[in-house]
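Note that the chains are named A, B and C in the order they appear, and that numbering of residues resets to 1 at the start of each chain.
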Amino acid sequence: MTADHSQPLLEVSDLHLRYGGLRALDGVSLTVNRGETVAVLGANGAGKSSLIKAIYGAEPYSAGQILFDGVAVTGRSPNQMAQAGIGLVPEGRKIFPSLSVEENIRLGVAIGGHDGADIDRVFEIFPELKERRNVQGTLVSGGQQQMIAIGRALMARPRLLLCDEISLGLAPTVVDRLYDVIKDLVAGGMAVLIVEQETNRAIKSSERYYCLLEGRVTAQGLSAQADQDEITRAYFGGDHD
Amino acid sequence: MTDIANIVIQGILLGGLFAIYALGLSLVFGVLRIVNIAHGDVLVLAAYVAFVLSDTLAISPFLALLILIPLTLLGGLTFQIGIFERVDRRDPLVPMLVAFGFAVVIQNGLLLLFGTNPRKLDAGAIEQLSVSPFPGINVSVLAVLILVIAIALIAVFQAIIYRSRFGIQVRAVSDSEDNARLIGVDITATFRKAFMMVMLTVAVGAVLMGIKTNFDPFSGASRLLIAFEVVVIGGLGNLWGTLAAGIVIALAQMVGASIDVSYQTLAGHLVFLLVLVIRPQGLFPKVVG
Amino acid sequence: MTQTDFRKSILLLAVAVALLALGPVLLGRSEIRYMTDLFVLIAVAQLWNLLAGYLGIVSIGQHAFVGLGAYAFFALTQLLGIHPFLSLALTFPIGCLVALPSFLLLARLRLAYFAIASWVLAEVLMLILGQRPAFGGGTGSSFATATIKMFGAGVSERIANTYWLCLGMLGIVMASMLLLLRSRAGLAIRALRDDEVAAVAAGINPLLTRAVLFSLCGGMLAVIGAIDTLQKLRISPAGSFSLQDWTVMIIFVVVIGGLGTVTGPIVGAIAFVLFRETLSDFGPLYLAAMGVLAVGVMLLEPRGLVVILTRTVKSIRARH
C-alpha cells in the first residue's frame, strides 16, 4: 500500500501539554509536508521545546492528536518514534562522554534499528568527524558536537528530522554550514522541522513558519512572505516598539 | 622465600574469584546504577540452588552450572520486570531499601529452608589436585581454573561493552539515563540485557564459590563487602581494573592471614579504607573506550 | 514547623514522658521490658531517620557506635574503675570523637558507597575491639556484679531504672530533634536531603552540618549501647555490634513507618513490636515477613505507613 503523498507527513492537532499547573502547550496545531522545511519560532518558554518533545514522544500530552504519515502516534515512546521514522537532534546536543565521536554517531543505529552502513554517508557529509572518529565525543568543538547529533539522528534514516535549537552557542559560519547540510537533506526528500530562536535564520531556511507564544500559535504563513513586524508582535505578544 | 611466593600466588588466584563477585556488582552499580545490597545474598541463593541441583540430580557442580545459568537468567528477568521496573527510582534511596528488604528475605528464607549448617559443593577430585611448578611452591588446579574463568569472563564482557552495538547503548545509558531516553534509546531493553550479564556472573561466581569454600545463609554479607571493596578499589567502568583490585584485596587478606588467621578479613578492610583515603576514585578509574 | 507547632510538640512530649514515667509503678515486669525495648527502638530509629531522612546520610554501619558504647562503658567501668554513672556519661563524647573522623573519612562518597563503607567501618571496629584479650576476645566478657548493682540492688529496681534511663534517653532524642528541626537552621537542614542547593543558599554548610550531627548521633548511639549492657550484662563482638538488632531492624522500622517524618519511626516501631510478638515463635519467618513488608511498602508508598494511614483516615473521613 503506497502512502498518500498528498497527506501531510506530520499533522499535529490541538495539542495540550501541562507541567503541573503550567500550560506549556495550549492547543497547538501544525503540519509538515513531505520534503518541506517548517520553522517554529518563539522566545524562551514559548513552548517550542515542549512541542518538539511531545512530537517525539518524550513528553506525554494531555489532549490533542499527532498523526505521522496518517498514523496516530499517541503515547509512543521516543524509541518507537525513532523506529517509525522521526529523528531528533536534541537541544543541547546530548553527546555522551563515554563514547567516541564514531560511537556517538553509531548510537543512532541502536535507536532506529537500521543497519550501520550509513556511517559512511555521515562521514561524507561531515568529513571533520571522520578525522576525529576516535576522539572522546565531548572533547570536540561545539559545532562538531552538533554535527555528531545530526549524524546520529540520520543513522536511523528518518523521514522527518526534528531540530531543536541547533544554532545555540555556535559561531555564524558554523551555523551556516549546518543549515547548508539541512538544505541538502531536504533536497534529498527529508522533511525538517526547525525550532529556532534566531528568527531571521529560521525564516530564510524554511518554506513555512509558525510562531509560538505562551503555548499558542500566534502567527503562521509562508516564510517568503513573512512580515517582520507581524513576527515581532507574534514573538513577543502585544505592542512592542 | 617460598612462603612469600605461596602467599603471592594464592593471592593472585583468589583475586580471580573476588573479581567474579565484583564483576556483576560493577555492572549493577556502574551501568544500571542500582544499589544492589542484595548482591552477596543472591550469590549465596544461587549457590544453594546449585547445591540442590547437584545433590538431587547427583551431578557435578560444573554440570549443575549449566542448569543454573538459565535459572538465574530467568530469575533475574522476573525480578527485573516484576519488582525493579516498578520501583520509583527518582529517590535513589528507594531501590536501595528494596534490595535491603530482599537481602533479609533471602537470608531468612534460606535459613528456614536449609538451617545454619554450612554447605559446600563437591567437585570431586579436582579440589585436591595441585601442581608444583617449583620446589616448595604448591598451586591448586582449582584456583587456577577459577582465575582462568575470571579472565575469560572479563574478556568477554569487555568485548561486549567496548566493541558491540549493545555496549555503546550500555555506556550511553550509564552516562546519562535521561539523555539516552530522550534521544530514543530503549532503556528498558538495555537494562534487562545488562542485568542478564550480571546474572551470568552470579551463576558462575556462586558455583565457583561453593566449590572453593563453605557457605551458609548469612555468607552473603561478607561476599557483598568483598565485591564492594573490589569495585571501589578497582574504579568503576574498567573491568580489568576489577581483576587487579580483586588481586589487591585477596593479597591483603593472604598477608593478614599469614600474620594471624583472625586478621584475614580485617586486612582486606584496612587496605580498602586506605585506598579510599588516598585515591577515592579507585586505582583504575573509567577510561573512554 | 511553626512556633506554636513546636510548643505543642514539646508539651505533648513532656506530657507523654511524664505519663510513661509512671510505667514501672503500674506495669508488670514483662510489660516494662517491652516498653523499654520500644523506647530504645524508637530512639535509635529517630536517630537514623534524622540522618537518612533529613540529612541525606544513609549509613548501614551505625551498629558500630552502639557496640563502641558498650565496649567503652566496659573499659571505663571494669578496666579503669571509673564510677558507672560517670562512665555512662563519658560514652557520649567517646562516641562523638569516633564518629567525627569516621564521617569525614567517608564524606566524599555518594549514597551507596557511603552506606556500604560505613558498614565496613563497623566491621573494622568490631574486629579490632573484638580481638582484644582485655575485652574477652571472641566470647566477650561479663560486667562485675558490683557495677551492675550501682543501677539497682535488686532485679526489679534495675529493670525500673533501666526503663527510666531509656525513657529519658528517648526524651532527649525527641526533644533534640524537635529543637533542631524547629530552629532557624531547621528548615534549611531539612532541605539537605532533597535540595542541597536551597540549603546552601539559606546559609547552611552541608559538610559541617552533617559532620556535627553525625557525630552527635554517634555519641547518642554510644550511650544507648552502654545502657543496653545493663540488660545484656555482658559485651561480645557479635552481640554488642549486632548488625541485625541495631541497623537492619532500625532501617525496617523507619522505612516501613515513614522516612523523613517525626511520627514515622514511632509508627514503625510499634508495628515492628506487634509483628515480633505475633510472629516471634516462628523465628526467621518474622524477619522474612518484615523484609517482604518493607519491599511492599517501598513499592506501594515509599513514604511509609504514616502516609498510608493518613490517606486511609482521610478517605474514610471523606466518605462521611
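Descriptive notes on the structure:
Methods note: a residue touches a chain if its C-beta (ideal position, glycine included) is under 8 Å from a C-beta of that chain, and two chains touch if they have at least 3 such contacts.
The shown structure was predicted, so the numbers you read here are calculated from the model rather than taken from an experiment.
Within the contact network of the assembly, the step distance from chain A to chain C comes to 2.
The interface holding more C-beta pairs in contact, when A-B is weighed against B-C, is B-C. Once the centre of each chain is set as its mean CA position, chain A and chain C turn out to be 55 Å apart.
Per-chain CA centroids place chain A at a distance of 44 Å from chain B. Between chain B and chain C the centroid-to-centroid distance comes to 32 Å (mean Cα coordinates, whole Å). Across the complex, chain B is touched by residues 52, 58, 60, 105-106, 108-109, 111-113, 115-117, 119-121, 123-124, 127-128, 131, 243, 248, 251-252, 255, 259, 283-285, 287-288, 290-295, 298-299, 302 of chain C.
Those residues of chain A lying in contact with chain B across their complex are 53, 56, 58, 77-79, 81-82, 88, 90, 94, 96-100, 103, 106-107, 109-112, 116, 136, 152-153, 156.
Contacts from chain B toward chain A in the complex involve residues 165-166, 168-169, 171-172, 174-176, 179-186, 237, 286, 288-289. Interface residues of chain B facing chain C in the complex, by the touch rule stated above, are 29, 35, 37, 83, 86-88, 91-94, 96-98, 100-105, 107-109, 111-112, 221, 224-225, 228-229, 232, 262, 265-266, 269-270, 272-273, 276-277, 280.
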